[in-house]
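Below: one structure, written as structure tokens.
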Amino acid sequence: MSEWPHWLPLLAVLPLLGGVLTPLLFRRRPVIPCFWAVAVALVTAAVAVMLLLRLIDSGDFSYAVGGWLPQYGIELRFDQIGAFALPASLLVMLALVFSRHYVARTVDPEKISYYYALVLINLGGLNGFLVTGDLFNLFVFMEIFSVSAYALVAMARQPIAALAALKYLLLGALSSLLVLFSVGVVFAMTGTLNIEDAAVLLEGSSSMPAGLALAGLATGFAVKAALFPVHFWLPDAHAAAPAPVSAILSALVVKAGVAGLLRTLELFGGGESLYLQPLLSLMLWLGALGTLGGALMALVQRDIKLMLAYSTIANIGYIFIGLGLATTSAVGGAMVHAVNHAVMKSALFLAAGAMIHQTGLRNIDDLRGLGRRMPATAFGMAFTLVALSGVPPMAGFVGKWQIALGALEAGQPLPVAVLVLAGLVVLAFGVRMINALYFRPPARVSTVSSVEAPVSMWLPVLILAVASLALGLAGSSMLEFVAPAVQAIYGTPP
Amino acid sequence: MTVVSSLASHIDYLVAVSLFLTGAWILLTSGNLVKKVIGLNIMETSVFAFIVTTGMVDEGAPPLVAAGLQGPFASPLPHALVLTGIVVAVSVTSLALVLILRIKAELGSVELDEIALAPKADDSAGQSNQRGSADE
Amino acid sequence: MPELVDIRPLLAVLASLLCAGAVFTVRQSARWRAFWSLAAAGIKFALVWSMLPGALAGRVYVYQFGELLPGVAFGFRVDALGLFFALVSSTLWIVTTVYALAYMRGSHSLPRFFGFFALCISTTVGIAFAENLLTLFVFYELLTVCTYPLIMHNEDLAARRAGRKYLIYTLSGGGLILAGMIVLYFTTGTLSLAETGILEEAIGRSWLLAIFLLLIAGFGVKAALMPLHAWLPAAMVAPTPVSALLHAVAVVKAGVFGILRTIYNVFGIDLLRDLGYADWLAVLAGTVIVIASVNALRQKHIKARLAWSTISQLSYIVLAAALLTPLAALAAIIHIANQAFSKITMFFVAGAIERGTGKKRVDELAGVGRQMPWTMAAFTVASLSFMGVPLFAGFVTKWYLSLGALQAGEGIYVGVMVISGLLNASYWLPMIYLAFFRPPQTHGQDASPKPARVSPMMVVPILICAAYVILLGAGASAPAMPFSLAEAAVRFAFELKVPLE
Amino acid sequence: MNKRKFARVFTMALLAALAAPLMYGVLELPPPGQADAPAHSNVSAGYIEHGAELAGSENLVTGVLLNFRALDTFGEVLVIFTAWLAVSAVAGKGSETGHDSTPPSPVVDYVVRLLGPFIAIFALFVIVNGHVLPGGGFQGGVLLGAMLILLSLALGRESVADLVPVRSWIWLRAAGVLAFSLVALLGLPMTGYLFGLPIEPALRHALMIVLELGIGIGGGAVLAGLYFAIAGVESS
């Protein structure tokens, strides 16, 4: 069954079609769209599992859309980066289960079907982005998940949501234009849009336009991935957006930027071209600054979702340190950390959403004493916070350990210090949260009167918390799974 | 290939790039949100102009391969890309305009510095400063 | 050294997990809570002691599961040193549970207290049985996470501040160990603690120094080495059973145990002798012994004085380990038991005095001896052991440590032993004198001091520990005593085939 | 205030620093217009030689859009629908300024009523002849949208919005996506590949017309929808 070739395009088309059909079929009904969306997400996850099985036993494979030869038509390629579609679909499914009650209260009734449609379209755009092997198709899918992300951020009722969404939109559009401009330059130089062919034609060419295209693509995807200097759109967008949306944004949409960057590195050869070295070291040091800056900012935040948003910036910094080091274990660690962070961060955002939904309070000091009133959600959050800080056998540790190891292999001891320090700071604000939840008497009347969130809210949080432990234990098998992709992108480690 | 002649032959690209930079300048520096969207559109137009010129051929006929027409044809690929790009630009701009409308309705103004000065309209900020300082 | 795959190490660690689970679930009934705590303590005690004969005969129990990271598995390996530490902590856990059940009656949120209390011990045993540095690090961090709620038990401002200080110190210590582990894994490719030294000279002096500094500083935080000790006195605000078990046995011993592992299993004796780092460690430990004892003199509160005495006693172990001679190593390992039993007796006495007479300061001790004769007798036994009086546990350590120092040709440390003995005398004897030979200040009550009512469940553990202190001191060379286990550990560390002398 | 001045100076410096490599990089590109530039010799040459008979349309751009790079266009049509979805999801309580301005003078009213049908026919012509003459689904859709907006300006938004019941407005807007999905799924049995158009010219031609119509009507309806959302109608 997993040999049937047509699963690959369906991985992207299914959620997109499901998303478009949601408002058409269920415009007025508030509940059915949720079940429909969860079903579509489940089917997509099943398709992703089929593709993963085929990838494991027969390696990368590609699919010519419309039957045309790769140069003339669009070629979809499924490799380890594409395998990120499976965790993405599962996370979106859990976020959709979470949003059944959450959205019923925060979004006007007739717009509920639009919400579920936009989430599915976002998932479809993301899956398409991960599997496409064509440069312009990459841009189109990026636009799909970006437009739906801008709209999802703006669906929250508070006025700052509109302003945050507009900032996100302007910066996102700017980065998309940079990507489109670089696609134009690559087309002008090579005449083809297929990534593999373009890579062959561009082989090690250190001409100025190649550098320009590399810089444009890297900057564009860095903005989408909220790397340090261009990250300021992320905190407002994630804090203002509804909780399941900020979970999807932090876990998946930001990682798409990273995946895009990996595609560009694939395009520009295995690290020989003249311009790649400065870019890699730039990514390394910006990542280091992002890690420390993000962790420190998260420590001083009062609003719980702002805290989690800044911790996303810190973890993105981790990933870029790994990519910048360009040694096999560092890049492997970065990729694995991308998945682990997606799981942990979505658990945290959903737990925070459940707390805000039950008590209406966002300030950490107001959420004191919730440990007794909302035991499941509070335990899920506390457990995942410890996992996020990188305490071993849990998910945060695998990526951090591998990246630090890669740093030593690359002869750079400084990132090891940055990683350990950032880990401590992350642990600090984690403990501050746990301290507030469990060891402080309730400070507000609404925390005393609040009751545990409905099952559809705390169950996904617990599932993700358990997953963050399981992923930690499955660390080494994930690293072996990712190794061939690292080899393909970075060629022989420098 | 003296500098001047290479400048002359690449004049189309240079115009596109300078248009891109002016659009970026408007987007980054103007305080009015609508002006920012206009700047964004200028940048989009410049990128589309750049892509179309890559597919241009001197004395080239449009890529209509009807029986009678011949001569060097312009390459059809950039045209298809730009068509798609234009539609993306329309969608992003329309979403931006609606957001601006909502900001105008809810935050009262379209000028960034006026919005920043206006007190945070939503309640969450009001709640945090009315409570005493945490005894941390 | 035949390696036997055996499930018992895993069961020993899990025993108190089931207790913690049970205690968390059975919310209010004190009887069930007592039953579960004691049951788990009994199971763990039995499991650990059942491995003693095997270990004495030289067998090593191994249990491996799951590969956490490429080349680094997650597993247990019960060798002589590990079993010795586990013996001490599991024996003391039973005694402390009995004491805590009496002491904590009527306090708030008891399920949380006893749940985390049990988790702490399972992590301590996990540290003792860890097969490699990663497993040890996992339980090391979990120990911090489990002790945090215990220190914060009173939930008042002082407890919160002490908790935060404790976290800042121990977590940064954990960060240092993590960095050291990464460098170690990078240079040697393994983290195993099974051999006697996985590092060799060829790695390069800079890497070796980095690893040594990172690991020793990381473990040093919990071993309360002088510059990193500030959290220990501050953590005295916790209830007495917590201070007794954790700060006399579990937490600080984990730190010292880490240092022993680093010296004997990560670096190895001969490598450390050529590198010469251990001499600096010995100098540091020596100074810490003296300074901490002087500080203990100045403390007014009983528990503060006990805390500073713990800091100086821990440095005994570090000093003995750093001398790198078989006899000194024996002193180091033995002192884990001696110090544990003596210090826990004193903490129990302090708790009993506080519960019985409400007195917390040293100068209020006048006449307490008459009110609580048995308790103060145990206190005297423990303080004699610290002073190094023969026939008591403390003497054995001082004796072998001095022999070890002479064996290493460092006569000065014998002087340090003498000075610290005198200092100990100068801060324990006045307390005993006040308690026994001075009448209590009778502010308006009747002259004869009425015996303070202290529940037997507190006095019995005190007497058991005091008896053990005497047993360790007098019957050191008895066959089934942990002493012979310590000898086995030293023989393994120094690869000696013949017995020590 | 100096903060704004500093920001302007900083952006000026940033853009100047950006301009140099951009200009220099672009100069290194092969000059536009050269026939042997890689942009023409590689894939485009293949399209020009046998693109017509393979894709079944003389207008190669439509051939590329509907046949060679069908997934791009599917993504494209989806972005339009998402734009409308986003706008209606995000629109606030509808701006109160939705009141109709003064009714247009009778001359404008009469001219618009007269021209309406002709614009519609022209739009239909552009859509249907996409594969022969320059034009196609998108261009026709824009014309259709412009006509709808012109009519709503002249005759008032409600009258145009009520032309079609609200429920079916959505189906119209999704016409593009639905048409493409139909063709994509049909492609499986016929050509063994998703989004593949069949080889038989007649069937392929019919399917291309269906696609063009879908894109045209979908595009027009969405553009009208965007205008209504901005103008504050249809927030019922």
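As written, the chain order gives the labels A, B, C and D, with residue 1 at the start of each chain.
Everything below uses one rule, namely that a residue touches a chain if its C-beta (ideal position, glycine included) is under 8 Å from a C-beta of that chain, and two chains touch if they have at least 3 such contacts.
This structure is a prediction, so every number in the text was calculated from the model and none was measured.
*Asks:* Just by CA atoms, which chain is the most central one?
*Replies:* A
*Asks:* Would you kindly tell me how far, in whole Å, the mean C-alpha position of chain D lies from that of chain A?
*Replies:* Result: the chain centres lie 30 Å from each other.
*Asks:* Go ahead and note the Å separation of the Cα centroids belonging to chain B and chain D.
*Replies:* 17
*Asks:* What whole-number Å value describes the gap between the mean CA coordinates of chain A and chain B?
*Replies:* Each chain's C-alpha centroid was found; their separation is 25 Å.
*Asks:* Based only on mean CA positions, could you tell me how far chain C sits from chain D in angstrom?
*Replies:* Computed from C-alpha means, the inter-chain centre distance equals 75 Å.
*Asks:* Could you tell me which residues belong to chain A and also touch two or more other chains?
*Replies:* 136, 140, 143, 147, 150-151, 154, 162, 165, 187-188, 193
*Asks:* Chain D: which residues touch two or more other chains?
*Replies:* 22, 26-27, 29, 39-40, 43-44, 47, 69, 72, 75-76, 79, 82-83, 86-87, 90, 92
*Asks:* Show the residues in chain B shared as contacts by 2 or more other chains, in ascending order.
*Replies:* 20, 24, 54, 77-78, 81, 84, 88, 91-92, 95, 99, 102, 106
*Asks:* All pairs of touching chains?
*Replies:* The complete list of chain pairs in contact reads A-B, A-C, A-D, B-D.
*Asks:* In the complex formed with chain A, which residues of chain B make contact?
*Replies:* 20, 24, 27, 33, 36-37, 40, 43-44, 47, 50-51, 54, 77-78, 81, 84-85, 88, 91-92, 95-96, 99-100, 102-103, 106-107, 115, 120-122, 124, 127-128, 131, 134, 136
*Asks:* For chain D, which residues count as touching chain B in their complex?
*Replies:* Within the complex, chain D touches chain B at residues 4, 7-8, 11-12, 14-15, 18-19, 22-23, 26-27, 29, 31-35, 39-40, 43-44, 47-48, 51-52, 58-61, 63-65, 69, 72-73, 75-76, 79-80, 82-83, 86-87, 90-93, 95, 132-134, 138, 219, 223, 226, 229-230.
*Asks:* For the complex, give me every residue of chain A touching chain D.
*Replies:* Of all residues in chain A, those touching chain D are 6, 9-10, 13, 16-17, 20-21, 23-24, 27, 64-68, 71-74, 76, 111, 114-115, 117-118, 121, 124, 128, 132, 134, 136-137, 140-141, 143-144, 147-148, 150-151, 154-155, 162, 165, 185, 187-193, 201, 207-209, 211-212, 215.
*Asks:* Would you mind writing out the residues of chain A in touch with chain C in their complex?
*Replies:* Touch residues, chain A against chain C: 386, 391-393, 398, 401-402, 404-405, 408-409, 416-417, 420-421, 423-424, 427-428, 431, 435, 438-441, 472-473, 475-476, 479-480.
*Asks:* Within the complex, which stretch of chain C touches chain A?
*Replies:* 66-70, 74, 134, 137-138, 141-142, 145, 148-149, 152, 155, 160, 163, 167-168, 171-172, 175-176, 178-179, 182-183, 185-186
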